[in-house]
Structures are given as structure tokens and as C-alpha cells.
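In the two complexes that follow, subunit A is the common piece, with subunit B as its partner first and subunit C second.
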Partner chain A sequence: MTHTSPHTAPRLSMRTRRAIWVWAFLALPVLFYSVIRFYPTIDAFRLSFTDWNLMSEPSYIGLQNYRDMFASAEFWKVFRNTFAYLIIGTPISLILSFVIAYFLDRVRFGHTFLRALYFLPFITTASAMGWVWRWFYQPAPTGVINSVLGAVGMGQLDFLRSTTWALPSIMVTAIWAGLGFQIIIFMAGLRSIPQTYYEAAKIDGVGDFAVLRKITLPLLKPTTVFLVVFSSIGFLRIFDQVYNMTTNDPGGPLGTTKPLVLMIYQTAFNSYQMGAAAAQTVVLFTILLVISLLQLWILRTR
Partner chain B sequence: MAATDTGMTPPLPMARIRPGRIVTWTVLSIGGVLMITPILFMFSTSLKTAGQIYDLRLIPQNPTLANYVAVLTEGQFPRWFLNSAFVAICVTVSNVFFDSLVGYTLAKFRFRGRQFVFIAILSTLMIPTEMLVIPWYLMAADLGWLDSYWGIMFPGMMTAFGTFLMKQFFETVPDDFIEAARMDGLNEFTIWWKIAMPLVTPALSALAIFTFLGNWTAFFWPLISTTSKELYTLPVGLTSFAVEQAIQWEMIMTGAAIATIPTLLVFLALQRYIVRGVMLAGLKG
Partner chain C sequence: MQRFTKTTLLAGTVMASATAAGAVDIEYWQYIYETRVEAVDQLIAQFEEANPYINVEQVTFPYADYQTRVVAANLAGNGPDVLQMFYGWTDGFVNGNVLQPLPQDLFPAAQIEADFFPIVTAMKRGDDYYGLPTAVRSLALFYNKDLFAAAGIDNPPETLDELVETAKQLTEKDEGGNYTTVGLTVEMGGQDHQWWREVLVRQFGGVPYSGDFSTVTYNDAAGIAATQWYTDLTTVHEVGYTGFMDEGQAAFRAGRAAMTIDGTFRLGSFADITDFEWGVAELPANADGLRSNYASYFANGIGAGAEGEELEAAAKFLAYLSSPEAMALWLEVVGELPARPEVALTEQNLADPIYAPFLKGLEYAQTTTFVDEQGQRQVTMDMANRIFLQGQSVEDSVAEAAAAEQAIIDRAR
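Let's look at the complex of A and B:
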């Protein structure tokens, strides 16, 4: 304990010594969070009020980026796409994962193995699996799905080449990749419900469905809210799958699969319109903030 | 994981196995196999020749490792593989060290500004990475960090999530342990490193596994921050490789398999820790 500098008293109080340790521990982290998290956040807001193509000096243009963005048809198309991923993807993935978790929780034989099968896709690399699914969606005879459809005498689907089906096709890939996580969280939630509730219901002769509706689902509410938010945020930030499944025309065909993050990427790193891209990130931030606050509000007024 | 299952329901006598259970089990098994079908097909096709890829049999007729040899010798996959491993390991070590140091400090010291630091760090969870990438890119460009390992790593060296997770766990460590160590004259760093850290190894392993997997599969920032192929991480390299290969699906599947194999190995070796870690993280988070 020779943590004394020459001009201070040789014996520091316990309190002071501990405070020195604390701030020694926190020095680098405080620097990190200030420079790598807080400063960039403020910078993103600041940039959103500028016109800047990296070549010339940035010039302040007030709210012009926001005005241009809200007036552009492309932005609203992307906005609709992003919410299509969210509004269709979240309920489907939640219902699927709950049903699987509910039944998987009751299975004893081969439980760990079955759980592993469902969980495995979650830890795969999204860019790699994007290509696997892209291959699945190819026309026959390359694509597995169309080959199977052909073999059973059904018509072919265009999947990624269709302006109608491309977005759902990519969404399936994203749901598939996230399902394992949601199943595990639902199972953890199911396990945390005290067994005594179920035993009491059994003694009273309450049926399975009534138990599910009256005991399981209400007690699972915090888990469900967490997963709704987690899944929503995941769909709002979708990028890897879309980018990899549509590399020949990112966000295509005709921009029908393009989500907000891909638009941000293209605005910033293909067109180098840093100000406009920053304004788009502010929109994303605002949406995510509203969703997080909604979660807090729902759980507080429980 | 069998141990965690005991005590939930008593073992059922054979006579009580109802048909409903068999149906449930069968449907769940079919669903489980469907879930890994894309992964199985990926491996299957990676073992086929170009001429065989229209043959959709899952077990290849004449499995060959020729694609792997070609991809690993002709392409830059070994380099990308090492890049990914290096980046993921460095970021993981940094997170395990700093997130737990900060988590410990916030959990076990009472000092002025503690609440402020905690809330400040926690509030960064609200800021999406996508909002930060443009300022990071500009900062990295100014400082000459673009197209370097440090450039890929610096945004993730500490995370609020990891700090929060570790703080939760350090709070369960009894103060008596720490006081006793102080009586023995150990300094605060040694107390953290030698006394407190060994008591939270489950949380540390969960944090390490997630940080590693998250960085191994990371795509968005590495895509933005690297331009020369030598510095690509595996996911970014795979994308550029797949774009070049265009319709040589057996080669693309081989590349995808190479990117997937390490995560599969990590999962098979550490399944119980991963699943428990997801539960921990999900419930605490």
C-alpha cells in the first residue's frame, strides 16, 4: 500500500485510499464511455443538422435533412419495410417460440438434445446462413425449396426475386435465426413459475388450458414483455440477412426488402451523405427509445 | 443438464405414458430436425462436387473435401479466420477484464458519484450501434484507425451489458470475504482479482462466451471499418467471396461451413454453459 504521493500526508485515511483505488479502477472505463459512447452520440445529433459529403467542410443546414427525409418517398418505403419486418416477424416468432418452449418444457426424453436442435441456429453466423437460405430460395433445380415443390407437383415460387415474397423470405431467415434464443428465455420463464401453483390447480381439477390461461400466461408477462421488446429491436435493426441475401441489388428487388439500417449504410458509405445518414440514425434511435420506454412503462404499471 | 431437471416432475411409470406425449415428442423432434436442416444442407453441399449440387440428397454420394482444400488454399479464408479469431479473443479478454472490474467497483464500493457512473453506463444501452457507426467511422478516419485490427475492435472493448451482468453477480459476493482480505493486508486490486473473481466464474464464462460469439459473427462494423481484403473478418470475407463465386453454390456453402464450424464446436463443448448463460442474461437483462 505505497499509494502515497510525496506531498500528501504519509498516512491517508481509509476513505481516501479507497477512493483512489475506485477512480484508478474507473479511469479507463470512464474515458472509454465518454469518448466511444457519449461523444459519438452527441456527434450523431450534431451531424444530423449538417450537409457533409466528406470532401468539403460540413455546413449547418438546420432541420433540412429531416425535412428532406420526411418528404422522400424512399424513406417512407423503407420505414414501411422496417415495420413490416417488425409487425409480422415479432408475433410469429413469439407465438412459435412460446408453443415450442411450452411443449419442450414438458418433454423429458431427449430434452437436452431437442433443445440443442432448436437453439443451434441462434449461434450461427448471420452472413453465412443468409447465403444458405439464399441458395434454398433459388429456382429449381438449384434451390431446395422449389425442387421439393416441383417434386410434389406444385408451382414454383420466385422468393427473393419477387417484390411480394422477398421480404417474407428474408424474414423467415431472421425468425429462424432468433427462435432458439426466445425458446430458451421462455423456458427459463416457465421454470421460474412456482410448482405449487400448478399443484394447487391440479388438486382443484383445473384443466390444462385453464392453467395455461389463468396461471402460466399471466405469470409469464415479464418474460413476454422482455421478448417482445428484444425481438422488436432485433427486427428494427435487421441488416445482415438482408444485405447478404440481396447483394446484387441490396434491399431489392425495387427496394422492397430494404430496412432502415441498410438505408443508413448506403446513405453514409455508398453516397457519403453523412448528415442525411446521421438524421436517419436519429430516427432509428427515437423508435428504439420509444419501444424501450414502453417496456419500462408496461412493467411498472403491472 | 439432467441435474436441473430432477425434482420438477417425478419419473413417470411406463403405464402412464399417454399417446399425447408421444405425439408431442414426435412433432417436436420433426420441428427440431427442420430447424437444423439449413445447417445440414450446408455441410452436405460443401462435400459435393459442382456436378452433384442438383442432387439434393442429404448424404452426398461421393463425399469429397476438395472444396475445403480449394477454399482454404486459393482464397484468403485462413487469413480471415485468424483475423476473426484475433479480434474476437482480444475483445473478449478486454470485456472480461474491464466489465468485471467496473461491475465489481460499482457493486462493492460506496463512493461519491457511484450512482451517476452506473446510470451513465447503463444509459448507453439505449443507444443503438447504428447511430454510433458514423461518428466512429469519422473518428477512426481522423486517427488512422480505419482498416486496422484496432479499428475493428475499439468500439466493443467494454460493454454496458457485460458491466451490468457482472455487477449483478458481484453483489452476491459476501462483504465479509472482502473485509477479511483487507484485514490480511491485500490491496484492492488483488482482492478483486484473487478473491472476488473466482467467486463469479459462471458469470465470467457466460460473458466470455457471448462476447466471443458476438464478435465472431459480427458483420456491420467490420464491413464498414475495413476496406482491404487482408483485414476482413470471416463474415465480411465470406460475403465478398460469395459475391465473387456467384453461382458456385458448393464453394459458397464450403465458405459458410468454415465460418460456422468454430461456433458449432464452441456450442458442442460448452452447451450447458451457453444455455445457462442465455437464461442468466435473459433474466437479469
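Let's look at the complex of A and C:
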């Protein structure tokens, strides 16, 4: 190295040069993510301590936004709604999609067609679905579901106009919309389990249920972990279905369907309380982080 | 040949730069609504013809993020020179330095108050005006003439009592007890919250707010009576309910609502109804003949960033947008009522069966100063829903609504 001429660049080891190349290519996405992801996220924390209506300069008010938020009954209602979507929605959608994937995997006749049918809702625009379901849920004789209920002599349900049924009604559509994706992932997981295990089990004469419990489910764990986390985040961030199905009264009658994200949207862009909205965002961020870490820890490979 | 081309090019460049040096470019912002954009295009063309040295560029955004765009652009220092805004945003825009007052020499307050409908004062802060409307909106009762004829009813209801009776006659249910036609749409989320606030509360002897809109005053016998009357439409008279056919205007369009209360802005979308004839009537009076209405408008203001010759050009364009000529064009293209009585209350307009009821409403209309229109609307919707869905007493629900709305107002001030 001592003989390096001043005109040539200093010789770098292969390893260093490769690292430089890697970082050169990574620089763009890193910069992009820093500017449009990390910076706003961090800034949200700062804004949550301010009173800001977008027009005046943000003024520092300490923890006031958080105190107001935790003292408001509306926040806790929205908090409960958000967890209702999560706690009811995630297990139901996972069990349902696993059962469908499990049996669909064994069906040969019309397999591709059936799979496409299940996947179709996932690629449909949420707003279009929201509007169609709004009409399905109408009272008879306009709404299909109530008309059928009426025709078979059963009582009518108010669905979206009921403080009890509005949230489950929206959850059903959200589960239905996400089902296709989860089925496809579960099926990919099922296919990736080596056939040799099943063959060995067959030779040993193990029953179907034992195969499911001892082979399929344990080996499907990575897939399940992914879907649990993915689906939980989806339900915690639910917005499209709620917003599109209740545009007349955003968040349902008396806020019974309102999730945290819709509340953040309304606080920020209807009431222009950016500081308060940032505080709500920080809460959502914390919930997402804690739940995701908790799930990864519980479902970790021991 | 080549030399000729060069010379022409050169001459062209010189001429172009000469025009550019003398011209003033200003931006006009509004939200996207087909007929409004078209009307402004026509107005700009006429304005530029009369003022060849001013170029006006129209910039539009979807309504959902229009307000955010204006505020964000203003923060970044490149806001519009002239902008269209809802009168209800004035406080926020004035306090947030989005707007500057209209130059008093060109727009003297006394002149404005003499020329425009009285509701223009909602744009005044202190001695300054911050904007002027081209068109104004009011409410009226839309009714389905075919359904009226089928039921043998000749005229739209004149009073609140008649409204209930007429609605009862027009309501139809199937054998299962399900509504097939509602007599009157009942939907606070639509225009009913304005009707309740500025019309019903007053007709039952109350006032919704103190004079400066800083205190909610409907939590009294009058407010309770007005709310009782309104919710009775569903709970006692059963002439309609919230959510029927999803939205009141959808039910009316489909011919499944005999009457609905809506604004001038609905005229455009009801114009293509071909299945039945519809008409418009003044909002019903109370038993003593007292009438009220709610009027609102989008005004044009001058952006805080405009200065020097741009400010001059902006003021000139704004004056043109609020001229009688522009208002006549706006009525023709958009269908909204002129903001100057001299243009609005012409014999022709007053004889027009559609415009006349809205125009009459303007004479006695009120204009609420909102601090958070959607938030305040939500309070009214929740008030009705607590009675409809949870069986809360009217007294308690009105008290709860008044407290919630007062909190919104206090927070904003």
C-alpha cells in the first residue's frame, strides 16, 4: 500500500468495496424511508405535545392532549371498538381461513375456480364493497338480507342502524374481504409441509385428527405466526370498511363502530386538532407495537 | 429561408417576453365540482378579455382535501391569490393568516351591506370584510308531485301541522310493516340538522345560540319542544326514519320519499330525475305563520400572500366574481342563487317555480357561525340517535347535546 501512486484511488479490500456498493444501492430506499416514514413518525411524537390547528404555529402544551384524551369517554369507546375488531375479528378470520384452506387443499374438482372465488373479494375495492354491503343491510324490502329473513318468517335486524349490531355487521364484511388472502397463504403453508411426514404417519396408521394436531398444525406455525400478526395489524388499523359503510354518520350510530384510525382522521382533518390527532396516533402506534411484539413472543419457536 | 425563420423566431420571442413582462399572473383556487369549475372557466375568459394584462389560472382540488391543501400551501408560502371558501371556515382562515381583508377603498363595508343579502355579514370580522359570495344557498321542501297526485293532495304543506298530516297520508308500508314509501325523510345527517337548528328551534320559540354564537341556548323548553316534534316524526307519526334507502336524497330520487328537505345545491342532481315530476315549496311555517330558513354560501377571499400588483389584480378579479354579471352566469351554469338581491329578486326569478321558494327563504334566513361544522352536526345526529335508538328522554338528550356542542365551541375559542 505504501507504493500507491497519488493518481490512483486507494485500494480497498473486496469486502469494503462490496459494502460500498451495497450501501450505494440501499441509500435511496433508506433515504426515502427516513424522509417519508421515520421522520413523520418521530415528528408525530413531538406534535402530540403541542396544540396545532395547521394554521398557527404549534404551541407546546405538555401532556394536555394525553390528559384530555384519557379523560374523554369517546376515546375509550373507540378504544373498546378497536379491540373488539381485533379480539373477535382475528381468531374468527384465522380459523375460518384455515378450515377453508385445509379442505380446499383436498378438493381436486374445480379447485382453481373455488380458490379464485375466495380470492375475489380481496382484490375488490373496499369502497365498492362497502357500498354494496350498505344496501344488503338495508331494512326490507330494500335490503336483500332482511328480505330473506322476512320471507322465512324471521325477525328483522337493524344491522348498521343498531348500536348492538353495527360493529359485527361491519366486521363480517372485513373478515370476508380479507379471507382470500389468508386462505392463499395457508394453502402455500400446507403445500410446503413435506409429504414424507404424512406418508410416515399413514404407514404408522395415525388417524386424520392426530395428523392434523401432531404434524400439520406444528409445521404450519411460521405461516400462522405471520397471519396472526398480519391480521391483527389489519384489524387494529381498520378504516375503509367502517368509513365507507357509515359515511352518513361516520363511525356508526353514536360512534358504535368507530375505530381509532377513523377517530384520528376526524380529529385531524375535520376538526383540525393536529396535536390531539398526533397523541391518538402515538397511542395507536404503541398498541400496534406492543401487540405485535407480544404475539411474536408468545408464538416464538422454542 | 433560414434567415427568415430566425428573424420570425426572434421577433416572436421578443413579443412573448414583452407580454410576459407586463402581465400579472394570479391563481384562483376552488374545489372540484363540474359546473362550478366550468362557470369559473367562463368567468376567467370574460375577465381576461376585459383585462388583457391579467392571467388567471384556475387550480382545483377534490373537496375532501381542499381545506388541507389551502392551509398547507399557505404554510409553504405559495397559497392562492384568490380562493373560494365556505363561510364557516372564516374564523380559522383569518386567525391562521390564510386570508387578508378586502381592500376597504375598493370594497367599502357600507356598500357591501347595501348590495348583498344580509347573510354576507358572516364574512365580517371587526370592520373588515374577508370575502364576498357569488352565490348563496337556502333550504326548501322538495316534493314528489306524482305521489301527491296519487294520494289526491293538491298542494304542498304550508304549516308544520300540515306537514305531519301530509306525510302521514303519503307514507306506505307493506303487510310486514316495512316502509315502502316514507312521507318525509328524517335524517339529521342530511340537511335536517340545519332545519332543526335554525328553523324548528326558532319556530318553537327559541334561539339556537347567543348573538355571537359563543353560547348554546337551545337547552330550554323551546329546544326540547322542537326536538320532540322532530323525533315524533319517527317515533309517533311513523312517517319515515333515518337510514331508509340509505340516504334521504337517494330515497327521494328513487321516488320512495314523498318529501325531503334539502338545499339549492341539490337542484343539479335532481334535475335528471325522469321517473316523476317534482316541485319545490317554502319550508313550512309554524301555527303563527313564523318562518325561518338556513342560508350558507361559499365566498371568494384574497390570499394572505398576494401583494403589490398581484394584490391589485386579485382584488379586480374578486370584484368581477361578485359582480351582477358573474352572478347571472353562475345562476345559469351552476344553478345557485345570486348573492345580490338586485340580481336574485328579479321578476323572472320570482316567477320561477323552482327558484322562488328558495329566494323567499333567503329573505328571512339565518346563517349559523360554525367552529367545526362536522363536529357540531355530529352532536345533533347523536342527539336524535340517543332518542331513536336508546330511548333516552328528549330532555336529557337535548341537555347532553347542548353540553357537547358548548364544549366544541369553547375549545375552538
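What we mean here is this: the second predicted complex is superposed on the first by the 264 of 302 C-alpha atoms of A that agree within 3 Å, B and C clash if a C-alpha of one lies under 4 Å from a C-alpha of the other, contacts with A are read in each partner's own complex, and residues count from 1 in each chain.
The rule we apply is simple: contacts are C-beta pairs under 8 Å (C-beta built on N, C-alpha and C of every residue); 3 or more make two chains touch, one makes a residue touch a chain.
Bear in mind the structure is a predicted one, so any value in this text is a computation, not a measurement.
Clashing of subunit B with subunit C is the outcome of superposition onto subunit A.
Legend: residue contacts after superposition of the two complexes on their common chain; A:141 is shown touching both subunit B and subunit C. In the superposed pair of complexes, A:16 makes contact with neither subunit B nor subunit C.
Using the contact criterion defined above for the overlaid structures, shared-chain residue A:126 touches subunit B, although it does not reach subunit C.
In the superposed pair of complexes, A:253 makes contact with subunit C only, with no contact to subunit B.
By the document's definition of touching, of the two partners only subunit C reaches A:163; subunit B does not.
Once the two complexes are overlaid on the shared chain, A:55 sits against subunit C while remaining clear of subunit B.
Once chain A of one complex is fitted onto chain A of the other, the partner contacts of A:277 are limited to subunit B, with no touch recorded for subunit C. Partner contacting the larger number of subunit A residues, of subunit B and subunit C: B.
Once chain A of one complex is fitted onto chain A of the other, the partner contacts of A:38 are limited to subunit B, with no touch recorded for subunit C.
In the superposition on chain A, A:224 makes contact with neither subunit B nor subunit C. Comparing which residues of subunit A touch subunit B with which touch subunit C, the overlap comprises 135, 138, 141-142, 269. Those residues of subunit B that touch subunit A in the complex are listed here as 1-2, 5, 8-9, 11-12, 21, 24-25, 27-29, 31-33, 35-36, 38-39, 41-42, 45, 53-54, 56, 98, 101-102, 104-105, 109, 111-112, 117, 120-121, 124, 126-128, 130-139, 154-155, 157-158, 160, 163, 185, 187-189, 192, 213, 216-217, 219-220, 223-224, 234-236, 238-239, 242-243, 247, 249, 252-253, 255-257, 259-260, 263-264, 266-267, 271, 274-275, 278-279, 282-283, 285.
Against subunit A, in their complex, subunit C makes its touches with residues 65, 68, 71-72, 74-75, 92-93, 95-98, 174, 176, 178-180, 187, 189-190, 242-247, 372, 374-375, 378, 381-382, 385-386, 389-390.
The touching residues of subunit A, when paired with subunit C in their complex, are 53-56, 134-135, 138-142, 150, 156, 160-163, 248-250, 253-255, 266, 269-272. Against subunit B, the residues of subunit A that register as touching in their complex are 1, 18-19, 21-22, 25-26, 28-30, 32-33, 36-41, 43-44, 47, 100, 103-104, 106-112, 114-121, 123-129, 131-133, 135-136, 138, 141-142, 144, 147-148, 176, 179-181, 184-185, 187-189, 191-192, 195, 223, 226, 237, 239-240, 243-244, 247, 261, 264-265, 268-269, 274, 277-278, 281-282, 284-285, 288-289, 292.
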